[in-house]
Every structure is written in C-alpha cells, then in structure tokens.
Amino acid sequence: MATVTPEASLNALPRADGSARYSYAGYTVTASVNGPIEAQRRDEHAYEAHVDVIVRPSAGVGGTRERHLEFILQSSLSQIILVKNFPRSVIQIVLQVESTPENAYVNTKLVQASLNLPIIPALFQTAVLALLSAAVPMKATATSTVVAVVSDDGSKKIVADPSPQDIREATSLHVLAFTSHDELLLSESEGDFTVKEWDGVYENAQKICCQTASKQDGIDMVLDDDASSPDMRHFLRSTLETKVASDLHWK
Amino acid sequence: MPITILPPKAFRDQPPRHSLNHDSDDVMSDATSDSEDSDSQPGGVSLDGGATIHPRKRHRSGAGAAASSTFTKRPKTNAAINSIPRSAIVTPGERITTDPQWMRGHGTYLSSASLGEQAITSSLAGIVTRTNKLLSVRPLRARYTPEVGDLVVGRIVEVQAKRWRVDVGSTQLAALPLSAINLPGGILRKRTETDELQIRTFFAEGDLVVAEVQQLFQDGGAVLHTRSLKYGKLRNGVFMAVSGTGGGGGVVRSRRQVWTLESANNGGPIDVILGVNGYVWISKHVEPVVPEEAKGQTGITNLEEVVSATMYSSQNDRIEPETMREIARIRGVVTALVENGLRVDEDMVTKGYNEAVELALVSADGPEDVYLGGERGEQLAAALTAV
Amino acid sequence: MSSESPLVVLPGETIDPSLIPTHKKNPLRLGPGLRHIPPSEIVPTVAGQLVVDHRKTSMWIEYNGGRYIPSQGDLIIGQIARSATDFYYVSLSPYTPNATLPHLAFESATKKTRPQLASGELVYARVSLANRHMDPELECVNSSTGKADGLGPLKDGMVFDVSLGFARRLLMAKSREEGKVEVLEALGEEGLAFETAVGRNGKVWVGSESVKTAVMVGRALRETDEKGLGVEAQRKLVKKLVREMR
Amino acid sequence: MAATVPAPSLSFSRPTFAKLSPHPYLLTNLTDPENPCRTNGRAPHEARPVHIHTSSLAHANGSALVRTGDTTVVCGVRAEILPVTNIPQYRPREPSYGEEDNDDSADVDELKDYDLLVPNIELATGCAPQFLPGVPPTTLAQTLSTRIYSLLHSCKVVDPKGLRVWYTPPKETREEGAMEVDEAQEEEEEEEERKPELKAYWVLYIDLLFVSFDGNPFDAAWTAVMAALRDTKLPQARWDPDREAVVCSRSEEAKMALDVRGLPVACTATVFLEKEHGEDSGSSAERKSRHWILLDPDRLEESLCKETVTVVVDCSGEETKVKSIEKHGGTVIGRELMRGFIGVAEGRWQEVKEASK
Amino acid sequence: MPLDTSAYSLALLRVDGRRWNELRRIHAQIRTQAAADGSSYLEMGHTKVMCVVNGPSEPGPRRGATSGGGGGGGQSKNAEVAVNIVIAGFSSVDRKRRGRGDKHILELQSTISQALAASLHTHLFPHSTINISLHVLSQDGSLLAALINAATLACVDAGIPMTDYVAACTAGSTSTYAANDEGADPLLDMNHQEEQELPGLTVATLGDSDRVAVLVCESRVQVSRLEGMLAVGVDGCKQVREILDRVVREKGIKMIQEGTVERGVGLNDMELD
Amino acid sequence: MPREAEPSANEKAFLLKALQDEQIRLDGREFDQYRPLELTFGDEYGVANVSLGKTKILAKASAEVTVPFADRPLDGIFTIATELSPMAAPHFEVNRPTETEVLLSRLLEKTVRRSGALDTESLCLVAGQKCWSVRVDVHVLSHDGNLTDAACFAVVAALRHFRKPDTSMENGVLTVYTPAEREPVPLGWLHSPFCVTWSFFGEEGETALLDADWMEEQVRVASVTISLNRHGEICQIAKLGGVPVEAVALLQCTSVALTKVKEFSTYLDDKLAEDAKRRDKGGFMAELRAENDRIVG
C-alpha cells in the first residue's frame, strides 16, 4: 500500500535535536539529527563540522551497501550544511528505514550487496527534513527523486518513483538531487542508457525537484499538469510552513 | 575431579611469638576473659589500646626483645593456641556496640539497630582497637594506608606538568610535587621554569624513589617529599613488593626502616630500605663521594652540593658479583619471612640473613647457594621462631 | 495562526531586497538565522519566520528547536562538570564541549572567598565569550559593575528542560505581551510562592519551599511548551493542575 | 625555544610547499601562466596510461594485473561448484520466467539471489599509508566492493547460462515442465522425453588486491575485473549421478571461455575548487568561483577535492551506451559538464580498449 | 520425558541424596594467592571457583583513559567495581568456547559488580578501581551463587570495607512449570541436573537480613511458587553467610596465632570500662 | 565517545525528595502507573511501532530460509537483534555494545526466546538441511527510560503480527511461495510473555516505581524486571544487583506485575484483532492501489 503523495511529520522524536518521519512510494524512513556536538578525535576536523551519516536497515544488519549509501548521503549533505560554522564538531544524522515497498512477486534475501538506488531519495529527503527541524544552519535546501526508463514495446518511457516491479523491468534507473538553487547535487544512474535518454531523465527529474510556485505565497501554487509525481520543493516548503506556524503559534 | 589448593603456610606446630608487654596483658586478660567466655585462656590479649596508636613504640619494645622472650614460654602458649575466642575477630556487618559513649573510627560504620538506636558496626574482618573513646577496626590485611611521616618506596607512573604521580601500593596514586624534591645545586636553589620543562630529567616513568609522606588529602591521597639526603632516586639494587602495614604481616613500622647491613662472604655493605608501604629496596651501599677539598670543612650544605651531582643519575655503579649474591640472599630472606607469615623489620631481616648464611654454609655448594624458597624458607622461619 | 500572513523562509532562499530595512546612520543588524554574503546578499540559514524591525533596522529569523549554540550575552543555566586549577568546566548541554567559568568570575570573589562548587551543582551565568573556534566562556558577575545581578550558584530547586524557543519567550522583556506566556503569572495568582531562573539553553530553574509547587510550576511550563498552549489554555491548565495537586 | 615559522611562500622547495599547503600548491600549478598543469605534470583532462597483463596467476581460472600510474591492482577469478541442494532459497525456475522479455531480469535474479558473483576487495595491503593492515575494511573498501558488485549485475557482464551445470537423466519422465524451454536453448538435439535437471552452478569468486594505491581505485579495479573475467576459462563439468556430485575434466582444451558481454569502461574525475577553507560563500558567489575537472585523480588530488564523478560507458556498439553515472559531493558538474564528460569517457574507452588487446 | 528428579516424590530424597532444605558441602578458603590484595577459593558441591581481588587502586594514565565505562574509574566519586569472569573450557561436560563478547558472561559480570558495589563502601575510594577476577574451574549448578560468594570472600580478604557479606545460593521447586501442582516442594541449593530439569532461582542477600541484592530466575514457573522458593533461598543465604563468616574468623584467629596480627579488644571486653 | 549526560545534583536531590517526602512523581503519575502505551502496526506484516511516553521502539520481524545449526537439526533459528544506534542517544555507537544493550538483549532473550514463546520446531523445513530463520530487529528510536518493557512488548507484538511465506514440499523439492502466489502464514506461537520493570529509590530501596522514565532511571538505586504471561507463569526475573530490597517487597512487585501483564495482553489482542479487521476490509482495496502504483508509479 504505497502512499501516493509524500507525507512527513517533524520532531517525531522528542529527545533528538531534530527529527523527521517521511513516507512516500512505499518507503518510510525516520531520521534523527543531533548536533553540532563534540566530535570524537578520529573524525574531528579543524576547519569544519564532520557530517556523520548512519543508515540502518529495518531488518538485518547493515552491510557494505549501507556504507555506500552513507558515503553518498554524507558527501551530498555536507554540501548544503554550513559545516564551516562548527569546527571540531560533528553533526550526527541517523536514518532508520522503517519499511520498503514489498514486491509481491519475489522473496528477496534479507542482506543485499548491490547498491540500492531507489531508496536514496527517501533517505535524502528525510535527512533534509530532519536537518531543518534541528535548525542546523544550511546554505540551501535540496530535493531528490528517482526515475526509471522502462521500454514498453520498443518505445522508452520515463517513470517517476517506479514500483519494485517497474524497477525489475526498467532498462535504466536514475537518482537525481537538486539544491534549491537548481544545481545538480547528486546524480546516480545504473542500467543501460544513452546520453539522450539521460537528458530526458534530467529534465523530468528537474521538473519534479525544482519547479515551484513563486516563493512569496507558497500556499496556493499550481501543480504541474501530469500529476504523476508531486512537486518536491513545494512539498518541502509546505511541510516547513506548517511546522513554523505551529512553532510560532504565539506570534 | 577434586582439586586442591594449598593453603598458605601455617605453623600448627610452631608457637606464636609474644612480645614482652604481652605478659602483662595475660594477667589482665585472665581477669577479663573469665567474664566473657569460660573457654578463653590466656592468649596474649593486648588490651593496650595505646599500642595501636603508637605502633612504633610497641614494635620498638617488641622487635628488640622479642627474640629472647619468645622462646621461654612455649609450653604455656602451646595450650593457648586453639583457644583464642571467636570474639577476637570481628567481621563485616558485626555489631561492635550500641553504647552511644563510643565514637566510630576507621573500619566501622553506623547501622540503625532496633528502635532507632545506632550501632557501631564493623565493615572489615579484623581486630577491634580503641583510642580513648574512638573505636576502630584494623583489618587482617589491606592495602597500605599512608600516614604522615611514613617512609615509602614508590614507582613513578606518570609525569605531569609540576608533579609526579607515584605508585606506593595505596588505594590511590601519591603525588610528588616538583617543589618537594632536592634540586641539583643544593637545597637553597630556587625552582625555575627550566626545571618544569626538564622535569623528566629528575624522575621519569618507571623510576623508583624512596620518599617520606609529607601530608594527606581529605580523600586519603598522599603527598610525598624527598627533601633530604636519605631520600631520592634508587639505584644499584633490587626492588620487591611485600604486603605493607595495611595489616597481615609484611613490613611493619619499626625503629628503623633503613639501615646498612655488613654482608657476609665479602659482599660488602648493603643498604636495606623497608618501605612502610611494603615496597622493599635492597641495594649496594655507596658512600657519598666527597672530593678532597670538601673533606676539610664538612658543612652539610656543600656536601649536598657535591652529592646532588649524582643525585638523579639512572646509571648503576659497578656491582661485584659477591655483593649481588648477598643482595639476592637478603631478598630471599625477606621473601621467606613473608611466605611464612612473619613480620618484616630490621631485627627479623638481620637475624634471618645470619641464619641464611649459616644455612648456605652447610649446603652443598656453599655460599654460592642463595636459594631460600620452599623447604629452605620454612627451615629459616623455623630457626627464627625456635631456638 | 496570526492575521497578517507571516513570511516563512527556508535556508538559501533569496530575500526580497525591498524587505531589508535601510537607515542612513545606524547600520543593519542581523539577528539569528541570517548570514550576510558580501557584497549585499542576505540569506536565511534556517527555516523560520522572517522578522524585520525597521525602527531598530534589524532583522532576524524567528524559529524554534535545535540544539543550543552559545552566543555572547546569553543567560544560561550550566552544570559544573569539574574544577580545574583556576576555573570550572561547565556543561551547557549534553555532548557539547564544556564552557569555562573562572573561579574569580563571581561577585566579590577572591582566592579565599570564591564559591566552592562541586561537580553536579548548578550555576546561573552569562556567556561572556563565544566564537566558533573556542569553547565558550562564562561569568557570574557583571564585569563593569562587579555586581552579580542575580547570577551565581543555584541552590536546591529543580531544573526543567524546555524548547529553546520557549526559553526565549520566557526571557523576553515583556514575556506576557510579546511572548504570550502567562503560566507563571497565573500560577502566582493562585498564591503559589516560587522563584525561577530561565536559561537561554532551554533550562528553567524553579525554586520553592514546597516541592509540590515546584513540580506544579515545572509541569505547567512543560505542557505549555510541548502542547503549544495559548494564553487562555495556559490559564485553564494552571487551574486544572492546582485542582489535582491540592 | 621553537623558531617562529615563516609564512608559507614560494621560497620553500617545491616538495616542502606541497606538504605544507597542498591546496595552494596545486592551485599555483594550475594557474601557472606559461604552462598550467597538475602537480603530477598532467593536463586536467589527461589520464594516466593503462597497462594490462592477463592470465599471470597459475591457480586462478582467470586473472589480470592492471596498472595506471602508481595505482596497481591484481584481480583473480576463481570458479567453484555450488550444488543447488546447498542453496537454501533455491527454487526451480517457473514457466512464467521462460518468456524472452522476462528472461533477462530472471537471470539477474539467479546471479543475485544465489550470489554467483562474489567480488571482494583488499585494500589493507600497505599499498597506501591510510590503509592499516589488520583493521576492519575501510569505508572506501566497502564502498568499492558494493560498486563493483552492482556494476557487475547492472551491466549483465556475465551470462548466467554459462554458469549452469545440467544433468539429463536416462529415459524416465519427471514433472519438470520448467526446464523444457531453457533446455531448448542449451542443447539443440534433445529428445522431448529426456528432461535435463539443473544440478549445480559455477560461483565466480572475484578477488581484487591493491598492490599500490595512488588514487582513482575504482577505474583500475573495474578494468581489472573486466580483464580477468574475459580471461576466465571454466573446465568441463558434468553431474555424476552415482557419486551424487559434479565432476570436472582436467583437460585444458576441454575448458571453455566464460562468455562476457561487452566492454564497459569506468572513467573518474574530481572537481578542484579555487577556495579551500575560510568562509562559505553564498550560492551565487559559489557559481562564480573557478574550478578544474581533474581526470583520473591521484591521491593528493583526491584529498583536496570533494566532488567526484564516475561514468561507465561501453562503445562496443554503434551507439555509445552509458552503463552508470555516479556524481556526488558538489554542485559544479551540471547537465552540460556531464554531457561533455561522457565525451571524455568515450575517449578513455578507446585507450582502455587498446590496452586490453 | 521422565525426569530423574521425579523420583523425589517417593523417598523425599533428591538425586544426590539430600533433603529438600539441605545445602551441598561448602568448602572455602581465603588468602589463596599471595600476590593479590585479596583472594579466595570456594566449592559448592562440585561447583568450584576461585577469585582474585586487586585494589582499590588508581588506574595508571593510559588505562584511565579507557575506563569510565562501568560508571567508575577516572574522575568518579566512587570506586569502580570491575568484574572479569573466565570459564575454563574443562569446567563443564561439553566443552564450549565462550568468546569475549559472550552476553551471558557479560551479564554475570555486571550482576556481580552491581551486587558487591551495593555493599562495598566504594565512596571511600574516589577515582580508583577494584578489580575482581573470577575463574570457574568446575560447574555443577548454582554458578552465579558460587561466584558471588567467592567474590565476597575475596573482598573481605582484601580488607575492603563493606556493609556486610553478600551471600548467595539457589532455590528450586520439585516439579516442572507444566505440572501445575501446588504441592510442589521448594528445594535448596540446586545442582546442575536439577537446574536442567526444574525451575529455580538464584538469590543473594545482604548479611543475615531479608534484603535481596540479587534475584535471578531464568526458568518458567508458576508465580504461586515464587514465595516458597524465595523463602527457602533467603534462608539458605543466611546459612551460607554463617559458613563464609566462619572461614574468615578461622583465618583471622590463625593469623593471630602466627603473630602476623596482634590481638585487639575482644568484643565483650567493651563493657568493662 | 561523547560523554553521557548526568542529571545535576539539584535534580537528583529534588526528585528523591518529591518521591520520598511527598509521594509525587515529576510528571504527576501514580507510583504504579505506566506512561501511555501505544501500539501501531505498519503496512507490512511484522512491523510494530510502540511508544511508551517519550520512549519509542520499532520492532520488525523477518524470515528467510537458511541452513539449521548442526547441533539442532530439527529446530529453526530465532534471533532477537537489539542494537542501540546513536538515534537512541549520541553516546551509543554502532557495533560497540554498551552494558545497557547487553542487558536489554539478555532480558528479551530470556523472556521471549528461552521461555519458548515461539515454537522453533515448527520452523524446520527439511531436517538438518533447510529451516526458517526468524529474526526480530529492535530499533530504539527514542530513549526516555524503561526500554525493556517497551522493547519486549514491541517484539511480542511484531512476532504475533508477522506472516512468513507459505511453503510446500513435493518429491523432495521445497517451494517457497511469493505473497502473490499464496497468502503468507502466521508463526507457531505458544504464549505471550511481557516484561514489567520496577525501579527502587532511597537508602534501602524502600520506594518502588513502575515504568521509570530516563531521569528516574538515572537516580534509581536498583531495579527488577519481572517477565510473566497472562497465565501467571513467571518467564524470568532479573534483579541484577543494586541496593538490596526486602524480599516481601519483591513478592508484592510480582503480584502487581501480573495484573499489568494481563492488561498488556488484552491490549495487544485487541490491537491485533483491530488490525486484522482493517486488512480484511482493505484487502481488496489494497490490491487495487498496488495495481495503480505499478501503472502510474
């Protein structure tokens, strides 16, 4: 029962500095953010904060693929966090996967070694939300999405937020993330595709991640025509607006 | 599979030693013991509370004369052996008294007895001692607890900015401040920044020192000083640890903790340092080298001037094999004393050493034989306690 | 929510220059949540509501949550971690580097008369120095007047954790009007005798003769904070608490 | 007392300068008016030449040694028999998976679910100071093995058919409809009633060992894997019903080469930014700041760059096929640069192709 | 399956011939290791353990850095009680290797540490550590109890002040949890076989009070039977305490005889003056 | 590692004073009162989200076919994994177990596994060759005290809610069916044990509280965890040292615990029934939605 529109709740974990629970397209992830806190000597950096990302699978022990995800997220998130503001400290992000979309047609093994692109947007989005709820100073926000190129009878078509079954049949799979300045922050693709296809993918992803109504009045914004997938940036904004509103109810 | 562990050596057949002042006690204890439990016989009860607060005094009298007196009344004490009342020992949780006139001292705590009255209760297995109205329990055995004025042997374990941390076998590391040592160039010399920078040149980790306890912190930590020629870095010898004055044999506080012993088989003079904390240092005796010109005016200050040159060297002088052998022999004696639960002090060590020399003579390979373990040790101990 | 639609900003969003207050003499003052990128860019670093004060030519982001980041002049409640030769190590929030509080930074303190604080005791202090490259420094005395102005060790009492935003509201000059917090007044009106000290680091110390009172105050503060109660709700809450505690 | 250190200036000997402040050092080199180049003397888009030696290991079914600059990797492929009875989650393949379009994805499952390809990377060989021997694998090692593993699968480099060991029992009928289809693909002249059974698989253990390490491990590792796989030969294996086991023939000529699809080549670059530490610049300012894209970075360069991009391309076909893109750690490389970089990767492909002849 | 212990109901005798409320033979010594500050050796039936105590002592600089895990060491106001247990491979019938991280052993260690810390006067020894290391030579049930008793003895021997002995033993019940008969008798001090077949618990009390320091039950049993078992267990602890106390006294008296310690004031001499 | 935060001297003193002199807890609870316990099930089978006040736990059950242990060929494999991540508190490090973690996992082990709540023999597929390996992962999302009771509840809930793929054996060939082919089946469950933890305060541990929060846990002098099932069977008792407590008090604790356990038991049954109804109703709808996802994506 995958959720059709993304849902998020902030500060779900009362004892963390910041936290978020995000569920979309069958993925549910909870993230906690603590920091800036004292860094251990081994990851202490004289000029900037160390961003420590931990990804924990819902079942089974984390393996090499989790390390790889952590690596990707860490390098991307430390780009949008103002790490230089907190030398010798660490900003600790723990991402707990709660549920992943089930594929009713296969019994998959618990521990998988291959890298897991489709989960990245969920992890990434949750992390960003958690960082915002922890009020960690940031350069910019960012949004991410996953699209698949599926060939149905000859012609290729691009599917956003593909289901497990789509992914099995896709010829290529792409994860992209953009900063709120429309810069390409992260791009991971696997499969078999041409430069032209990637261009298509890029445009599609950018539409999902970047285009939004004018920032001044974020409430009433125009959703783009094909409602295949929501406008992530708008989603991010409205989520935060509700948070700020409830935080500052007294204003 | 039945496994057996040998209990520590005990002298069922050996009579206990008694010190003179015990005689007087016996009289009293007769009087008292009847009132307590009938089966109690004169067992050398020491009611002399004073004894416990002035341990040195007692040992002085004890250690010195014990030898002569001990053996005179074997028959009597033989009878007394199995008859020491259980009450001689208190154990943890045992009520000592609920009588409010007493004050609780070391090794005791207050527990609420019936209807809110407080009982002084033992927190140790040991013997009750009292000083006026102060009741305390001296443990059968414990780690060394420092007292001001104790002479201790210690090992440097940590070097800090202005002080050393020294292991003296206590529950905490002792502190030796840089300000509390003799600096090369005489006692009058002021401490300088450079001294702090080159603190390791005086004592480094692992160095052994003999020092005196100068003062105590509230939490029981000790502060040492070596501001005297007797004290300072130790060289030319061998270190050994036996249990200290915490209780249960080993080194006891006595008249002299440090003396020079003229060894047999031309081993030459040998220094013995019995740290009150149970750390022992046995080394070749080295005369302070006093150059010719100093010979004339023997002022203690400029004597120090000269000596201080070698004060912090970690170099051993040449030690002749004979001396080494005798040092080893003395070490053997001390070990034997401890293994056989005898007290370690100047008197016992000296007598023990002489015995050891005798033993060596009768043995196959003569003075070369320094082995004093097992049988030999027991022999030695026997000889010391018997005629 | 409030009548005039508040302007919510996210990190990195561009602020309409027309909003940036200008003044001939006094320069623009940037509050928390904003950073200035030369030459003339002003960018939010946190998600919150942009507040512009044209009179004071200052602007800042109003937000709640996160971990306390020391900044100069803040009043904080710290916990003595341990004592060094001439200063105390004080913890402001768990897992962060300790701040330092000189032994002599108390009212009329000398080597002899300085307060002896054991680890675990609490102090009400002001952040005298804070920058990213050094551990923060504290003082319990106004360096100019030499007076304590209420700073110093906090004896007995209880500390309650609240959100940073709530602590800020409590610390407002007119916490009642601007901050819309009335619990304390309400509790006072119920005839409860207690004193409080509020730390910017999200800690409120409540001292009172009666344990009950202190607990009540604590619960009132926490609930007001966690449930985000309005003025009326706060008064109701107080009534309720008083009823069930008596 | 320590002498006061003079402010870093070019009065230092080059190596000292490089050690003291690597970033400015590299920067001055790149901005050198007469010949801008990297500290290693290469031009920004110049990669180190590749050298490949294959079948150098006697006991491996296939092996390769790859050297690019001072980064050297040895890869050994070892094939072992895995009887299906030893696969807990083994399941006879369903008819539905016989259809052509599904077949591929089904194969992928076979390789993945039964772990028929097992890459393993050893970095702690003292090949570089940062990898201490005798400690748990570093993040880099784990990341690398994940990337190799998934690239192996996503490129469908190995054809699972080549790994199956069949057995056709003497006349007797079993209800194994599933097999008919595959069997048709396997051997042509088969009578209908003899239904082959899948008895075992070949498992390929692909071990990578870094002999020396000077940056850009992935490209080297992947090149080594491909070379080793193409070098791999599997002995003739058949199921012996009496012994209930698989037996392999020793004869050399009976060995048949593993069929490897295509030649994907990895190409990595890092982005070097003008500013090092100091204040974070705002978004706009950042876009203005200068940067260089350094192809095939060495260790020094990797330590100074955050943003990296890896593209895997295969130009065997008439049209260039991109197999994988990995880009993270920065915002410099956008759409255009990516397009351009894929072009660079095609160039790299040619070089590697030459080398692997 | 038929239980060997089921024979109990006939003769009211247990597999090893004891009655329901009988302890096995307890043999103990203290001062078994000259080198250590305190040491002990203890047998409860065929369960044999030895214990060595070192400290209280202040950890050196390097070790000081690592400690502090067990809520002690370093700068703490109380001494840390660090317990280490080694179970010999030959100690039980099936030789199973137990690794460092064996959770069961870690649990035992923490239990013993916590139990003793409650009795030992650790506040007297700021920022120091008491190291208790236990070796299991032979197992025949009541392991935890034996370990606690041995540790207590060793601490007494080391002369570490404590409120009172922490004495432990086990208690069981004569029929399995399934058989829900109320008539089940409680059993004192279970051996290995009984532990395998019958529900039981380990209990440790402080001195001869009814105050329970440790209560560990790892088998299914009707709640109604807890009271009986606990009562028997607590009573057993008091017996054990007496035995431990005797061991200490005898040792002490022996030392007086040997003259290593001189006598002090007898308790009852107190009233004299 | 970063230091664990300790409550200040004032807080400790105050908390004790409140408990002992005034018999009040800071959050106004009764001494034997739990914080509100909430259980929600996820969309998939075997996911239980439990929150006890500010303590939040996620338990996920999973199963896969594997080879049984050599020494127990007729049993399946059942493991409970409790790894505390920095999410619980920054001082917890991944794969470096703290004492808290060890004791927690031991308690769950004894309560759920050793008490035979799950019928492991029913997990055997092919004797000595193939069996189910059932695994529960306990994730502490937020640590505000009394992890044990919450975690135990979550584990039991997750396991009872879990469904493992259906299997069949025909002429020696084992087939594991996908959810699409056959509806998964529940585990062989024998009884439901729950943990109840008492915390003791004061010189002689005379004051006893149920469900202590983190602050209270840091001040307590001893604690006992009692595991029972609704049939009044003790599965485990653990008072692992700490200040000694009167034996009689422990008996009282146990009897109170039993009533609490019965409450847990009924609460869980209701929740399971509720969820079953929901699924049954949503069953068809779910299918539909799943379809949509695949088309629309």
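So that you can tell them apart, the chains are marked A, B, C, D, E and F in the order they are listed, and the count of residues begins at 1 in each.
The rule is simple: contacts are C-beta pairs under 8 Å (C-beta built on N, C-alpha and C of every residue); 3 or more make two chains touch, one makes a residue touch a chain.
Because the structure is a prediction, the values reported are computed rather than measured.
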{"item": "Reaching subunit D from subunit A through chains that touch each other, fewest steps", "value": "1"}
{"item": "Remotest chain, subunit D as reference, centres from CA atoms", "value": "B"}
{"item": "C-F or A-F, whichever has more C-beta pairs in contact", "value": "A-F"}
{"item": "Chain nearest the overall Cα centroid", "value": "F"}
{"item": "Maximum centroid distance from subunit C, chain identifier (CA atoms)", "value": "B"}
{"item": "Inter-chain centre distance, subunit A versus subunit E - centres from mean C-alpha coordinates, in Å", "value": "54"}
{"item": "Centre-of-Cα separation between subunit E and subunit D, whole angstrom", "value": "59"}
{"item": "Inter-chain centre distance, subunit D versus subunit F - centres from mean C-alpha coordinates, in Å", "value": "43"}
{"item": "Junction residues of subunit C - those touching two or more other chains", "value": "12, 35, 43, 95"}
{"item": "Touching two or more other chains - residue numbers and ranges from subunit F", "value": "2, 64, 90, 176"}
{"item": "Two or more partner chains touched - positions in subunit E", "value": "none"}
{"item": "Residues of subunit E touching subunit B in the complex", "value": "29, 31-32, 34, 37-38, 41, 48, 50, 55-58, 60-61, 79, 121, 124-128, 137-138, 156-165, 207-208, 245, 248-249, 251-272"}
{"item": "Subunit F - residues contacting subunit E, complex", "value": "97-99, 102-103, 105-106, 109-110, 114-116, 204, 221-222, 224, 228, 232-248, 250-251, 254-255, 258"}
{"item": "Sites on subunit C touched by subunit A in the complex", "value": "1-2, 5-8, 10-13, 16, 33, 35, 43, 45-49, 62-67, 69, 95-97, 132-133, 165, 169, 179-181, 228, 230"}
{"item": "Subunit E-touching residues of subunit B, taken from the complex the two chains share", "value": "1, 3, 5, 7-8, 10-11, 14, 16-19, 32-33, 35-37, 40, 43-47, 49, 51-52, 81, 84-94, 96-97, 99, 102, 107, 109, 111, 123-130, 137-143, 157-158, 165, 167, 170-173, 219-220, 246-249, 338-339, 341-343"}
{"item": "Parts of subunit A lying in touch with subunit C, wherever the complex brings them together", "value": "11, 17-18, 34-38, 80, 82, 85-89, 132-141, 179-181, 215-218, 236-237, 240-241, 243-251"}
